[in-house]
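In this document, chain identifiers A, B, C and D correspond to the written order of the chains, with residue numbering beginning at 1 in each.
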């Protein structure tokens, strides 16, 4: 099962700056070779369910290893059986509608 | 790694009523024997990471099998290494503070 | 417009224990008289949109006043025009299906 | 109070394709002049709290007007009093750490 997730990991108990933890998660994500896109409030990742969810677990393990005693994460996840739709397809689909309506 | 999640599964393409899908997910959750609590906007589940996340995958598979061509799910998930904290502990911790401040 | 939200406020930069902040938010919510239900990973609140969203803003203001320099909040929010549905209605709808399927 | 939100609006009861609804929301967001960034699983918007949350309300109203009888939305929202941080600042902060660690 293919899944697209929007992952936002928030370490607690390490002060207000969390970017070093997010950067380590980016490294983990990149190493898997999964398609991903960093945005200002999370990272969208797509691929086979077990690989993608494995990445989430690895990120939690890593962020704890780095010293965060507590983590709260928000994930949106989408699956569909009607057709394949990549991250770029989703963007294109909205932009195309925008083009039509702005004419 | 122990995890507590708040799971909200939303089937798309099946009309506005989604309770029969949520009910099937409740059955899956109950069968695992994991601690869980249904609330008006999701279900909180706690236990070992792989078991809990396995339940999420089973729910997606089941909801697709039931005919939903698309699913979008929102999950909040918390892990901590400093101490154990059950669902009831979290509630108690807030209620205890409330008691003190309401005196 | 009536809305039901699931509110999870997470103060950052104040250590791992956040229950005192959540308790203050509970007091704010209760004072409004809006229907609400605390669960282990958030609070479900329902009522008129502006009142409900006003509560969210007051909670952020209060948590900052209490000393949290940063807050990250996750909200699920539902509106519907087809019919009214309370928090209890949502629970009942799932439980009723469960009863039927468990026969 | 300045806020950054990640907004993901999901119309229910209108089939599996929701991009036309998202496109209308993009038009509403753009009209406000608020900084925003569309990504594959939502749109990040930043600005003054009341303006940003007003946009969310307008989007719900519009999507209902377009015929969706039910909407479920997921929002992540961040506020901070310690310093200003734009959407680009957040990205830069992570990318900078990545640069250092990849050396």
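Convention: a residue touches a chain if its C-beta (ideal position, glycine included) is under 8 Å from a C-beta of that chain, and two chains touch if they have at least 3 such contacts.
Everything numeric in this text was worked out from a predicted model, so none of it was measured.
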item	value
Numbering shared by both copies at the chain D-chain A contact, with half separating same from different	same
Between chain B and chain D, centroid-to-centroid distance (C-alpha), Å	25
Chain centre separation in whole Å, for chain D relative to chain A (CA means)	16
Averaged-CA centre spacing for the pair chain D and chain C, given as whole angstrom	20
Contacts with two or more other chains, residues of chain D listed in rising order	13, 16, 69-70, 72, 74, 76, 78, 80, 82
Category of the chain touch graph - line, ring, star, complete, other	complete
Contact set on chain A toward chain D in their complex	4-6, 8, 16-17, 19-20, 22-24, 26-27, 37-42, 44, 74, 76, 78, 80, 82, 87-88, 90-91, 93-98, 101-102
Chain A residues within the chain C interface of the complex	10, 12-13, 15-16, 18, 69-70, 72, 74
Touching residues on chain A, where the partner in the complex is chain B	1, 3, 13, 49, 53, 57, 60-61, 64, 69-82
